[in-house]
Structures are given as structure tokens and as C-alpha cells.
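Two complexes come next, and they have one chain in common, subunit A, joined by subunit B in the first and subunit C in the second.
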Partner chain A sequence: MTSGTVILLTGILCAMACALPGTFLILRRMAMMTDAISHAILPGLVFGYWLAGSANLIVGAVGATAAAILTVTLVEALQRTRRVRGAEAMGIVFPAMFALGTILISRYFANVHLDTDAILYGNIEFSAFERLVWSGRDLGPQSLWVMSILLFINITTLTLLYKELKISTFDPELAQSLGFSPVLIHYLLMLLLSVTTVGAFTAVGAILVVALVIVPAATAYLLTDRLIEMMVGSALIGALAAIGGYWLAMGIDSSIAGGIVTMAGAFFGLALLFSPNQGLVAQRHRARLNKQRFALDLLVMHLFTHERTADEYSESSLGHIGAALHWSPDEAMRTIQRASDRGMVVHANGNVVLTEQGRHYVQRLSVMNRVQVQ
Partner chain B sequence: MSTLHDLIFDYTLRNVALGGMLLGIVAGVLGAFAVLRRQALLGDTLSHAALPGICIAFMITGSRESLVLLIGAGIAGWIGTWILLRTVNATKLSEDTMLGVVLSVFFGVGILLLTYIQQTNNANQAGLDKYLFGQAASLIAKDVATFAILGIASLSAVFVFYKEFKLLSFDPEFLASLGLPVRRLDLALTSLLVVAVMIGLQTVGVVLMAAMVIGPGTAARQWTDNLRTMLVLSGIFGGLAGLIGAVVSVQANRLPTGPSIILALTVIVMASILFAPEHGIIADWWRSRTRRESFKRALESGERP
Partner chain C sequence: MRQPSLHPIDERAAVTVHDLTVAYRDDPVLWDVDLSIPTGTLTAIIGPNGAGKSTLMKAILGLVPMAAGTVEIFGHTSELQRKLVGYVPQRGSVDWQFPTDALDVVTMGTYGQLGWIRRPGKAEKQRAMDALEQMGMADFAHRQISQLSGGQQQRVFLARALVQDAQLYFMDEPFVGVDARTEAAIIDLLKNLRDRGKTVVVVHHDLDSAPHYFDHVVLLNVQKIASGPMATTFTTENLERTYGAGKAMTREAVS
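Coming up: the complex of A and B.
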């Protein structure tokens, strides 16, 4: 495998592994927990490296996972004192852990294999060169092994716990009454998130892990309401972001992790604008249709109210309608045009007159809205 | 005594200590509002969202002036907040999710731009990455002066609009019913937080800024129920953490300043949660113990407690 293929595969596997638990974090409104965990694992990682005497993958990962679990526990303990809210507890605990990690590095491990920049944005660029060697045999790039195992763990756990997670996410009371503990499920999810963060940390660093966990899942959530579609979709979006980001970064010769996140962000932006249901464009379109519809209703109601009354003639004149309904002349003309396109009114000699169809429409409208028209 | 002497006459220590204190005071006061308004993690998102702004400001102007870069940072942070609020209002995504999305995507774009700038071999580029971890030791007198002006301006704004901000934090509906522009005041208070983050980037860096915003306010809230007292205490706690962290880091060799400040702040927060006279855990425990004992005594003697 060429170095480029290894990087690309690492990126794809990593993005997919991160996106899967991200779905549940978003639905449970715990997205920022990823941010807290990904920073807080630093002292554990450093401590693990110190214990092992080198940048040992497994000892480092154990230390980091321990630090992650410590963080979750500390945040919840602080919350339980009822003196600090959840977000504040996070914002106090993870910077403290990160600060501790940075101090440990600068004071005792200035020469250890832990580049401070890599902490923030990883070094996926070197993933082809770090090999997994087992009793003298080269088993291939270490990152591919790590990411494959990670993806396998996440798929297996989420498949096995799918029903439990689903119920406890959407209806914790039901979950409790069915006899499985939401607390246990919460901690299992946190454990899974910790393992994922630790695994992905080496490839993309502390902050970009947050992006890979949250952004594809958030994008998928904008596109669908079904849980299973959201999970599959987020994994696919993550993989696409990895591919696109790789080429983007290669094209302008800069950080691949940065490129992947930028692509993920671009997909999110597209979904935010163009999602058929949640998208801003669709929402604006719907709002405009509603406004037009409302104007149309108002117009025919107005005509109907004054039909066969003394002021019918003056109330239905082209000039007066706009003034009566507080429309600009332009708006009034457009609404009248739309109404006549639908055959509800005809306008001749400067006056607008309801047709039979228009009258029928008003009657239906008044029944629907339970209003008495004359 | 020698510390005091150095604090006045040692150029680096003076700048670092002043920078740390200024940051602590400004972030403390404005962070207190963020904590009260349940926007604690907004500071975290703002500081991360600043990175692409710094890079773009550098790419456009080619300048390494703190003020130029920090203005870029402020604009980017501001855009990030706007996207965040707009999306939370318009879609089903929760605030928590959008905090994470804005934080990480802006930061990712920032990393892409930062590495791009570093590759293009611009002799002037060195030093942009000091905003990642903060590099208080690189603070020069001019930076500190800039911080002082920004800080005094934003604290004056809090002073002038104290009543409005107070209502905004506790009862925005009432504020609206008075006919005051709620959205504009909201924007103003958020923009002031952006200023605090701008000051913090060079001193403590992107990551640790979250604690500078949340810590002092959380600590101060344990000691008082009065907003005015809370703001003053919050500023004092922040300033104290900045000063202690800076002095310790410069005196103890090879201790990075940002992390030292944060650890000093963490100690203050924890101490407040434990020892505050009214809301503190120990006071609480002591009160319930005395109550229990007096109740027990009353039961034994058969009198009404």
C-alpha cells in the first residue's frame, strides 16, 4: 500500500468509527462531552507513556481511557453537588486536566514523543510510517489496525445495544420501567466514547475528534428523522468527508485532519441550507408560500365580506383593496393576480369580483377555521 | 520580597503578570454573565472559532500585530456565534450540538489555513501557532497596553449598561416589556465576551480559555447571591488566578503560564465550592449536622425543637 492509501483508509475508518456514537450523543444532547473527554485524556496519555518509558500505544491508551472515565466521573460528581451545572462542570474539569497534561509534558517529557501541535490536530500524515511489529514481524501500519478495531468495537456495541440505547435515549422512563438502567447505559456510552476518542486522538488530535464525532451525525440529523438512517448516514458522510478532505489537503498542501474537518463542515453547511425539511432554503420557501396563501385567503375573505353590501363597489376597487388590507400596491396586484390565476376572482374595469369557485373556497375556509362569515 | 521586586522591575514577569491579571479580571466579569445566562461553554466555542479569523487576518494583511490578528479573531468568533444562534433557532439541532459543530469546524478550517500558511514559506509567518497554546512569555509591553485598553473599554461598557445586562441575565421578558432592544443588548454582551476571548488567546490559548470564562463566575457564585458582589468577586478571582499563575510559572522554571493560571483558578473554584460560608459543601454539612443534633436533643428531652 502506498502512503497515500494508508492515510486515506485511516481517515475513512476513523471518521466512520467516530460518527456512529456521535448519533446518540447528539440525540442525548451530550455533544460537548466529546470536547471535554478529548482534551482531558492528555494527562492520562502522558502518564501512560511515562509508565511505559516510551510512546507505547497500549499503555498510553489505557492511561488515556482511565483519564476519560475520571473526567466523566468528576463532571458528574461536580454536578451532583448541585452547585455547578453540567456545562460549567465540563468547562472546569477538562481545562484543568488539559493544563495538567501540558505541564507534565513541558516539565518532565520535553523530549518524549509527544509533539504539542499533534495533540491539537494529530499526525495522520505519518500513519503509514508507524508500523505494528509483533515478535519481529511487520504487520502493516499501526493506524489501520487501531481504526479497524475501533470501528469493529463501535459497530458491535451499537448493534448489540441498539434497542436499549434507542429506548433510553428517547424515553428514559420507559427504559427504566422495562428494567434496564439508564445510568448503566449512559456509562457504557461514555466508555464507548472514551475508547473512540482515545483511538482517534492519535490520528486527528483532540479538537478534530470532536468534529468527526459531532459534525457528520449533526448533518445526518438535518436530513432524516429515523435513527437507523441517521446512523448509516453519519458514517457515510464521515467517510465522504475523509475522502474529500484528503484531496483538499493534498491540493493545497496542508493538514489532512484540517481538510477532513473542513469538508465535514462543508457537508454540514450544505445540509443546513438545502435539507428538504430542516434546511434554511426550504424553510424560507415554506414561509413564502404560507405568506402568499395567507394573503390570498385574506383577499377572498375581504371580497366575500363586502359582497352584496352597500360598499361592495368601493371595497372591491383595485386601488382600495391594498389600502384596506395594508398591502403595498405591488403586493396587492400580485395577490390579485394569483387569485385570478386560480380562478377565484376576475378583475375587470378596475374592480375585483369573486367567482363561484372563490365563494366556494371562502365557505370551505370558514368551515375549516370555524369562523362565521355573514 | 524578591518576587515583589521582580514584579515591578523584571520586564517579562511584569508583562506576563499584568497580562494574566487583565485577562482574569475581564474574563471573570464577563464570564460571570455567561455563567448566569447558561452560556458557559460559549467561551470555549468562541475561542476555537477565532483561529480561522487569525489566519485570514494574517493572509490579508501579512501583519503579525496582535491587534490586527485579534480583530480577525473577534470577527470570526462573532460569525461563529451568529451561525450558532441562527441554527439553534431555525432547526431541530440543540445548542449543545451547535456549540460542538461551530467549535470544531471553525477550528478545523483554522488548522487547514494555519498549515497552509506554514507551507507557503512566508518568513513572516512564525508565531501564529502561539495562539493555540498561548504564549504568555511572548507578551510585550505593547500587547499588554492593547489588552488594557480593550479590557477597560469592555468593563466600562458593563458599568454603563449594568442595569440592562442584569435584567437581560435574569428576566429578559421584563426587559423586552420595558421597550428596550433585547436582541441588541444580547449582541452587545456576547460581543464583550468576544473581547475577553481576544485578550485570552495569546495568554492562555484556545483550549484553556473555556475555564477562564467559566471558573471565576462559578467560584464567585458560591460566595454571594448579589450580582454586583458576584461580578466584583469574579473579577478578583480571575485576576488573582492570573497573577498567581503568572508569578509561579515565571519563578518556577519551565512551567507554561497558561496551564499554571488554569490550575490556580481550579484551586480557587474547588475551594469556593467546598468552603464558601453560605453555599459551601462543608458549611452545608455542618448546618445539617447541627440541625440533626439539636433535633435529637429535642427528641430526647421531649421538648419542641
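Coming up: the complex of A and C.
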């Protein structure tokens, strides 16, 4: 395997593993907990390395996971005091944990080999060179092992507990009344998130990992209204971001983690603009169609009301219609044109007259309205 | 005004509450409540805002911690009787933007019988579909839940309670924000459940409709004011004690 293939595979596996739990974090409105956890693992990592006497992967991971759980617990304890609210509690806990980590590094563990840059920005560039060696045998790149195991853990857990996660996210009270413990499920999800963050930060660093958890899931949320599609979609979007980001970084010779997250952000932007249902463009288009339809309704209703009355002639003159319905001459002409294209009106000699088809349309319109009010 | 029930009322009480006190940070929202809800009744819990109506329901279900007292459902703790109890929370208590459809929400009613890990299969989906059908919602089975009207959302919630196939149902303000047709459909359902020997307890706040819809009533204002058959309990005097004098004077004609 070439070094490039290892990097690309590591990126894909890492992005997919991160994106999966992201779905539930988005739906539970706890996206920023990822940020808190990814920063707060630093002291746990340092402490683990110090205990092991070297940058031992497993001890570091256990320490970091413990720190992550501690962070979640502290944030929630702080929220329960009701003296600080949700996001503020995170804003207080995680910088404190991170600061503790930096003090530990500089003051006590300066002799432990710790690459701060790698912790903050990841070192996916070197993933081909860090080998997993077991009793003298080279088992291949360590990052591939870590990310594969991570992805396996996440797929297994989320598949097994899909129903439990769904019900306790949608309706925690019903979940509890049916005998599922939403509290237990919450902590399981937090444990999963902690393990994911710890595993992924070696590749993309503590700062960018939050983007891989949140952005693909947020993108998928814009594209579908089915939970299962949102989960699978977020993993696919994560994988695409990893591939695109890798090529972006190669092309402009820059950070690969940065490239992956930039691509994820670009995908989100595209979905926000062009999602068929929820995208801004589709929304704008629907709004314009609605406005046109409403203008058409106004016009035919106005003509219908004054039909066969004494002022029918003056009310149906081109000039009067614009003034009465608050339209500019341009708008008035466009709407009249649209109505006449649909055969609802004919206009001649400066006056607009309803056709039989137009009358029929108005009658249906007023019946529809009455039904909708009820 | 009370229709005699078609079924003889079970001697056992569906719900027995003794000395129940619930407090939020040392503030009692329910104070020393004693009551019993007979099996096979359609019971309304009525009281002013902040009277603790929803809290009483949640305490009976074991969803909020009790500061004091005991709750029994058919003679045992609610923990043991979980499978006999169906719950319809307030419609506003969930996020209707959640990415799912009506059928899926109703299928959640089967999760309790499935237990941990096991997935709903064809049989569960079919039961959910039947319940939707019964609530007149079959055509909306695959509609995204945010695109349902308030009344339709409430029917989905009731269909979900139906598939729980419980003996005792708790419903928190099912009539809030629904159209007249849904209200009629809900009341039909409630009476149908009662006539099949089920017990239904409903948090209700409309005094005008209460005597027409329910045969039993619990009047609550932090403490229990009165409870018993509608005809003898829903009196002007008791309502005045629940809501304060003056407020309930207009009730004379009804009770």
C-alpha cells in the first residue's frame, strides 16, 4: 500500500466513523458537546502517557476517554445547579480541562514525548509510517487499525441500539414509560462519542474532529427526512469529504485534515443552497411561485367580485387594477399576461374580462378557502 | 349525565395513590395527594394552571421522583405494571421536525413489548398500520410528521397508544389545539376503550365539555380537592374550592 492510499483510507474510515454518531447529536441539539470533549481529552491523554512512561496508544486512549466522560459529567453537574445554562456550562468546563492539559505538559511532563501540533491538527500525513508492531511482526499502519475498529464499534452499537436511540431522542418520556432508560442511553451515546473523538483526533486533531462529527450529519439532515437515510447519508458524505479533501490538499499542497473539513463545509453549503426540499434556492422558488399564484388569485377574485355590478367597467380597467391591488404597472401587466395565458381572462381596449374558465377557477378557489378555514 | 358503563366495574382500583408529594427543588407541586381511580372509568384530572395535573400523571408513571408517598397500579408498583400502561404525552413535548413518518412514530408504541435490541418486524408494522387506520390516518402513514396538522399529530399519538395495547391509559391534554373533528374522533376512541373495560385517565382543562366526556373526575390544585363520580363530584362548590370563588360560578347550569 502506498503512503497516499493509507492516508486516503484513514481519512475515509475516520470521517465515516465520526459522522455516524453525529446524526443523534444533531437531533438532540448537543452538537457542541463534541467540541467540549475533543478539547477536554488533553489532560487525560497526557496523564495516560505519563503513567505508561511513553506515548502508548492504549493507555493514552483510556486516559482520554476517562477525561471525556469526566467532562460530560462535569458539564451536566454544572447545568443541574441551574446557575449556568447549557452551552455556558460547556464553555466553562472544556477550556479548564484543556488548560489543565497544557499546564501538565509544560510543567511536569516536559520529558514525555508529546507533539502538541499533532494533538491540535492531527498527523494523518504520517499515518503510513506509524506501524502497528506486535511481537516483532509488522501488522500494517496503526491508523488503519484504529479507524477500522472505531468504525466497527460505531456501526455495531448504532445498529443494535437504533430503536432505543430513536425513541429516547424523539420522545424520552415515552421511552422511559416503556422501560427504556433514556439516561443510560444518553451516557452510552456520550461514551461512544468520547471513544470516537479519542480515536479520530490522532488523524485530524482535536480542533477539526468536531467538524467531522457534526457537518456531514447536518448536511444529510438537509437532504432527507428519514432517520436511517440521515445516518447512512452522513457516513457517505463524510467519505466523500475525505476523498475530495485529500485531492484538494494534494492539489494545493496543504494540510489534509484542513482539506477534508473544508470539503465537508463545502458540501454543507451546497446542500443548504440546493437541497431539493429544504434548500434556500428551492425555498425561494416556492415563495416566488406562491406569490405569483396569490397575485393571480387576487386578480380573478377582484374581477369576479365586480362582475355585473355598476362599476364593472371602471374596476376592470388596466390602470385601476394596478392601483386597487397595489401593483406597479409592470407587475399588473405580468399578472394579467399570466392569467390570459391560462385562459382565465381576456384583455382588450384597456379592460380585463373574466372568461368562463376564469369564473370556474374563482368558484373553486372560494370553496377551497372555506374548506381550509374549517 | 353519566352513562352507565356496559361492563361491571372491576373491584380493584386501576390507580391507588397514597400521601403523594412531589417537589421541584423543595417547592411542592403536589402535596399529600390521596386518591383512587376505579377500573373501567373515563377519568378527568381537572384543575387550574400549575395545579400539578401533568405532574400527578408523571408521578404515577414513575417519570418524576416522588418526595413522599406511594403509587400502585392494579395493586403493584408502576415499575412492575409497565406493560399494562399506555401514555400519551403532550403533543408539544416532542420535536415534530424529527426525521420520521407517522407509521414509524406509531410503531414506537410496540417497542415496550419488544424490549431491548429486538427490532420491530412485519407484525409490529401491521399493528401500527391498523391503529392508524382506526384513527382515520391510514392515508398519512408515510407523511413526514412535521407536515401533519395539529389534529393529525394528536391522532398519531393516540394510534401509538393504541398499539401499546394497555389496560390503563394516561393522556396529557389530548384536546389541545385540535379541530372539532379530531376532538370528536378522540372522544369516540376514549369511550370505545372504556366500553372494552380499559381505564382512561385524561388531563383536561375545559370545564364545559368535562361532564359530557368523562364519568369520573379528580379535582386538583396542588392538593386533591375532590375525586369521585362526575355527577356527585363536579359540583359548583367543589369547583369553587378548586379554582377560587367567582371563577366557577358559571358552572351552575352544567352541574
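Keep in mind that, in the parts below, the second predicted complex is superposed on the first by the 365 of 374 C-alpha atoms of A that agree within 3 Å, B and C clash if a C-alpha of one lies under 4 Å from a C-alpha of the other, contacts with A are read in each partner's own complex, and residues count from 1 in each chain.
Heads up, the rule we're going with is that contacts are C-beta pairs under 8 Å (C-beta built on N, C-alpha and C of every residue); 3 or more make two chains touch, one makes a residue touch a chain.
Remember, predicted model here, so these are calculated numbers, not experimental data.
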Touched partner set for A:Arg293, first subunit B, second subunit C, both or neither: neither
Partner chain(s) touched by A:Phe98 [first = subunit B, second = subunit C, both, neither]: first
Partner chain in contact with A:Arg80 - subunit B first, subunit C second, else both or neither: neither
First (subunit B), second (subunit C), both or neither touched by A:His39: first
Touched partner set for A:Ala257, first subunit B, second subunit C, both or neither: first
Touched partner set for A:Tyr221, first subunit B, second subunit C, both or neither: both
Which of subunit B and subunit C A:His360 touches, first, second, both or neither: neither
Which superposed partner A:Lys163 touches (first subunit B, second subunit C, both, neither): second
Partner chain(s) touched by A:Asp171 [first = subunit B, second = subunit C, both, neither]: second
Subunit C-contacting residues of subunit A that also contact subunit B: 221
Touching residues on subunit A, where the partner in the complex is subunit B: 26, 29-32, 34-35, 39, 78, 81, 83-85, 87-88, 90-92, 94-96, 98-100, 102-103, 106-107, 110, 116-117, 120-121, 206-208, 210-211, 213-215, 218, 221-222, 248-249, 252-255, 257-262, 264-265, 268, 272, 278, 280, 283
Sites on subunit A touched by subunit C in the complex: 27, 160-164, 166-167, 169-171, 173-180, 221, 224-227, 229-230, 374
Residue ranges of subunit B touching subunit A (in the complex, touch as defined): 35, 38, 40-41, 43-44, 48, 87, 90-94, 96-101, 103-116, 118-119, 129, 132-133, 206-208, 210-211, 213-215, 218, 221-222, 254-256, 258-260, 262-263, 266, 269, 273, 279, 281
In the complex with subunit A, residue positions of subunit C that touch it: 58, 61-63, 82, 85, 87, 89, 93-95, 98-101, 104-105, 108, 111-112, 114-117, 119-120, 144, 146, 160, 164, 179
